[in-house]
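In structure tokens below, several structures.
Consider the two complexes below, in which chain A is the common component and chain B and chain C are the respective partners.
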Partner chain A sequence: MTPFLAYALAFLVWPGLLVAAPLAWFELWLMRKALAKLQGRRGPPLFQPFFDWVKLMGKRTVIPEGVPRAAFVALPVIALASIAAALVVMPVPGNPAPRLPGDVVLLLYLLEVPVLCEVLAGYVGRSVYGEVGAMREALMSLAYNLPFLASVIAMAEWAGSFDLRTLAAAPFGLVHVVAGAAFLLALPARLKSNPFSIANAEHEIVAGGLIEYSGPLLGLFELAHALEIVVLTELFVILFVPMPAAPLAALVVWVAVGLALLMGLTLLAATTARLRLAQAFRFYWVWGGAMSVAALAAGLAR
Partner chain B sequence: MSLLDRVLSIARRKSPWVCRINAGSCNGCDIEVTPLLTPRYDAEQIGVQVHGTPKHCDILLVSGTLTVRSRAAVLSMWDQMPSPKAVVAIGSCPSSGNVFAESPMVLGCSLDTIVPVDVWVPGCPPRPQQILDGIVEAARLLGEGATRDQLAARDAARPELEKVAS
Partner chain C sequence: MAFTIPVGPYHPALEEPFKVSATCDGEIMRSAEIQVGFSFRGIELLAQKRNWTEAITLVERVCGICSNTHAMTFCMAAEKIAGITVPKRAQYVRTIVAELERLHSHLLWAGVGAEDIGFHSLFMEVYQAREKVMDLLEAITGNRVNYGMNRIGGINRDIPDPAIHRGALDALKGALTDVVVPAFTQNPTARARLIGIGPLSREQAIEWAVVGPVARASGVDMDVRRDEPYLVYDELDFRPSLRNDCDVFARVVVRVEEMLESIRLIEAALEKMPAGPIAATEGWAEIPPGETTVRIEAPRGEVLYHVVSDGGETPARVKIRTPSFVNIPAIEAMVPGQQLADLAIIQASVDPCISCTDR
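Right, the complex of A and B next:
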């Protein structure tokens, strides 16, 4: 297979869009259903996220007057493309894409692109609420990226490489636990779920940075966000969870850890109220900073 | 009807996202809308999500009488919603002004003269079940392509209709 074909296959089919999108909808449904159960409700049916997305794709898009059309349309496309490209880098079994040296760095950049797109979307839309959402999003990314980047860098230090497959195969040590905890600390803010749903604060600043988006363009952003959940859970399992050698056992561990992560996030979201921006920022720079130092120290001590 | 159209039709029926505007209501109807999201009525079962911005929504819930000042707001909300869209009028006020009719600031016209209403939910205030029923009905119309917005768009695409009418 030529490299181009391999990349195209990885981008479009596995582990890219065609498989990851249904997986993302399923994970979204799991979280919404669990949240409903925790609140004593019935919750949405299994196909709800899929129907939501299809309906959005079948609506007309309203582009507000005076916004740069090219940027307005390009932002959600770039966000979705970059998160799908992040899926291509994932060292999951059966990934047809060739191995890239230094793919950890590429992955970290690709994970930042959707965030940047949402920030820009808030400013491009010319809505005051959108601008407030974009500002919050940008500040939050400065906050949660401290423990997030530190956890990945600590793992790279431990493995002595910036190659995801080497990181995944690194011998288990204290750094896995400490850096994994730092990663978990950053996870709810990365996914903008409840105590840190500051950027998209519904009913407070209406809808955050995506306020002016509608129809298919909104659908692309929602899909990119859903894929972000898939990428981050996959990344957690790859980086911090030691995999058993038997494929079936590995699959069981994979599913169990993924489920535990989603349920933990939902439980946290259901039991907490939204923090203020300053509180969240302080939390990440004090506790996230302490966790980062601990993770880096554990990565160095071999 | 192709497969894609059929899936889209089901998706429109199953995923009604709503936004609300209080056009001058006494707040009674709005209090009856809030329980839809509580465990007792749980509108998420049928895919309802309440959104703050009309740009994300399919169904506009209008409660209350139309007043001199709210008329422009209702029109603006309607214009901002991307098609296909539906309007559900909640309570007796949007149709007649109810007990507020002939107050100085209340417009003496029904909501229908401003935006095309698809479902009327009468009552003062209506019960949450009735409001939910109205949303389900509007979602069904959206799925069938039979809301007044969708019908108007279809008719506009057929210029021969105008000849018959004239």
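Right, the complex of A and C next:
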């Protein structure tokens, strides 16, 4: 298989779009169903996230007057492409893509691109809600990236490498626990779920940065966001959970950890009010900062 | 960089159309401007073109939440002009329906408030509790929104067996004390969003002439139910709630205390209700020439009806002053220096009822 074909296969099929998108919808459904159960509702049927997306894709796209058309159309495409590319570098079993040295750096960059796209989308859309949403998104990324990046860097420190497979195979130590906790701290804000649903706070700024998006373009953003959940849960398992050697046991651990992560996020979202930007920022720079220092220290103490 | 962010007339944070334009520097709001009148209906004029009985149905539709307040106050004004004394049993039933309405209004507000601080689960819990009140209102009046309970001289439907409603009230009290109250007053994220927000000092409260829970949360001790008792409040030993913290949290606490007090009032009224007729008159009421003013405490505060009769088939003038009409402008006083994120809950904290305002 030529490298080009291998990359195309990884991007489009496994671990890329064709497999990851249904997985993302399933994870979304799990979270929505669990949230509904916690709130005493029935919750959506299994295919609802998929139906939602199909409905968006079938709608007309309205591009507001006076926005730069090319940028307006390109942003969701870039967001989706970069998150699908992030899936390509995931060292999951059966990934046909060739091994890249230093793929951690590439992955971190690719994970930031959708955030950047949403910030730009907010400014491009010429809506005051969009601008406030974009500003909040940008500030939140400054906040949660402190523990998020520190957790990944601590693991790289521990493994002495910027290669995801080496990180995954690193011997289990205290750093896995501390850096894993720092990662978990950043997760709800990364996924914009409560209490950090600040950039998409409907009752404050309507749809935030995505306010002018509709139809297929919004669908692409939604899909990118859903895939982000898949990437981040996969990344958590790869970086911080020691895998048993037997494939079946590994699969069980994988599913169990993923499920626990999603349920934890849902429980947190169900039991909290949305914080203010300043409160969230303070939380991440105080507690996230402390966790970052602890994680980096644990990474050094080999 | 200063910019103006419009909330409304159509916005996820609002139930009804009105508009708050907040001028902000970054996330800090400098000032706000209120606009109302998006759904003006001219009910005061229409009331002059309906006969006295039709006008009850009309004013009941001033507000979809405190519908009973308006029908009841209008009837009380007509009774005052005509010198009709309403039987005791009817007064008890009116009190029970009025307090149930206060419960469902405050619960509706609590749900909207929960949504505005991004607490969706609490919204769900509150609305489940509210459903219990709606069921109770339906069991008593036969309706869920416009109850049609009042007529000039009394009420249209009796509560034949008061004891059967005790179970529903106990369930409601349980839902309030176990879930709704702790979620608002003890959840750390909810407290972080409510305490110290949207200040309205006692002086400002008097200057802006706010009424109801908003005034009582700013230390202004006023409640028509105690100051000028109507119906049977003086027989039920009514106690108003008062807070001096002047913020959104105080407004939440005042409403929470009022809900618990309402349940107590309803329980007491169901128990003490005397036997007797439910209306003083049969058939159409004749209203002689005269003019009067009636004040009662609606869920959102003092409501005032000024009714004039020239002895004809229709009222000569019906002037309605609703609590939201005075409470909504006070949002302008609460906004300066606050964060944009709090605009939704600040405007919601006065419980703006737009259909009352645009009557």
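Here is the rule we use: the second predicted complex is superposed on the first by the 302 of 302 C-alpha atoms of A that agree within 3 Å, B and C clash if a C-alpha of one lies under 4 Å from a C-alpha of the other, contacts with A are read in each partner's own complex, and residues count from 1 in each chain.
Criterion: contacts are C-beta pairs under 8 Å (C-beta built on N, C-alpha and C of every residue); 3 or more make two chains touch, one makes a residue touch a chain.
Treat the numbers as computed from the prediction; the structure is a model and nothing was measured.
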item: Touched partner set for A:L174, first chain B, second chain C, both or neither; value: neither
item: Touched partner set for A:E202, first chain B, second chain C, both or neither; value: both
item: Contacts of A:Q48 with chain B and chain C, given as first, second, both or neither; value: first
item: First (chain B), second (chain C), both or neither touched by A:T61; value: first
item: Partner chain in contact with A:L116 - chain B first, chain C second, else both or neither; value: neither
item: Chain B versus chain C as contact partner of A:Q39, first or second or both or neither; value: both
item: First, second, both or neither for A:A273, with chain B first and chain C second; value: second
item: Touched partner set for A:V293, first chain B, second chain C, both or neither; value: neither
item: Touching partner for A:L262 - first (chain B), second (chain C), both, neither; value: neither
item: Shared contact residues on chain A - chain B and chain C; value: 39-41, 202-203, 206
item: Interfacial residue positions of chain C with respect to chain A in the complex; value: 3-6, 11-13, 26-27, 114-122, 124-125, 128, 187, 189-190, 192-193, 339-344
item: Residues on chain A engaged by chain C in the complex (per definition of touch); value: 35, 38-41, 128-129, 131-132, 135, 194-195, 197-198, 201-206, 270-279
item: Residues of chain A defined as touching chain B within the complex; value: 32, 36, 39-45, 47-48, 50-52, 54-55, 58-62, 202-203, 206-207, 211-215, 218
item: Contact set on chain B toward chain A in their complex; value: 7-8, 10-12, 14-15, 17, 39, 42, 44-45, 47, 49, 51-53, 55-56, 58, 80-84
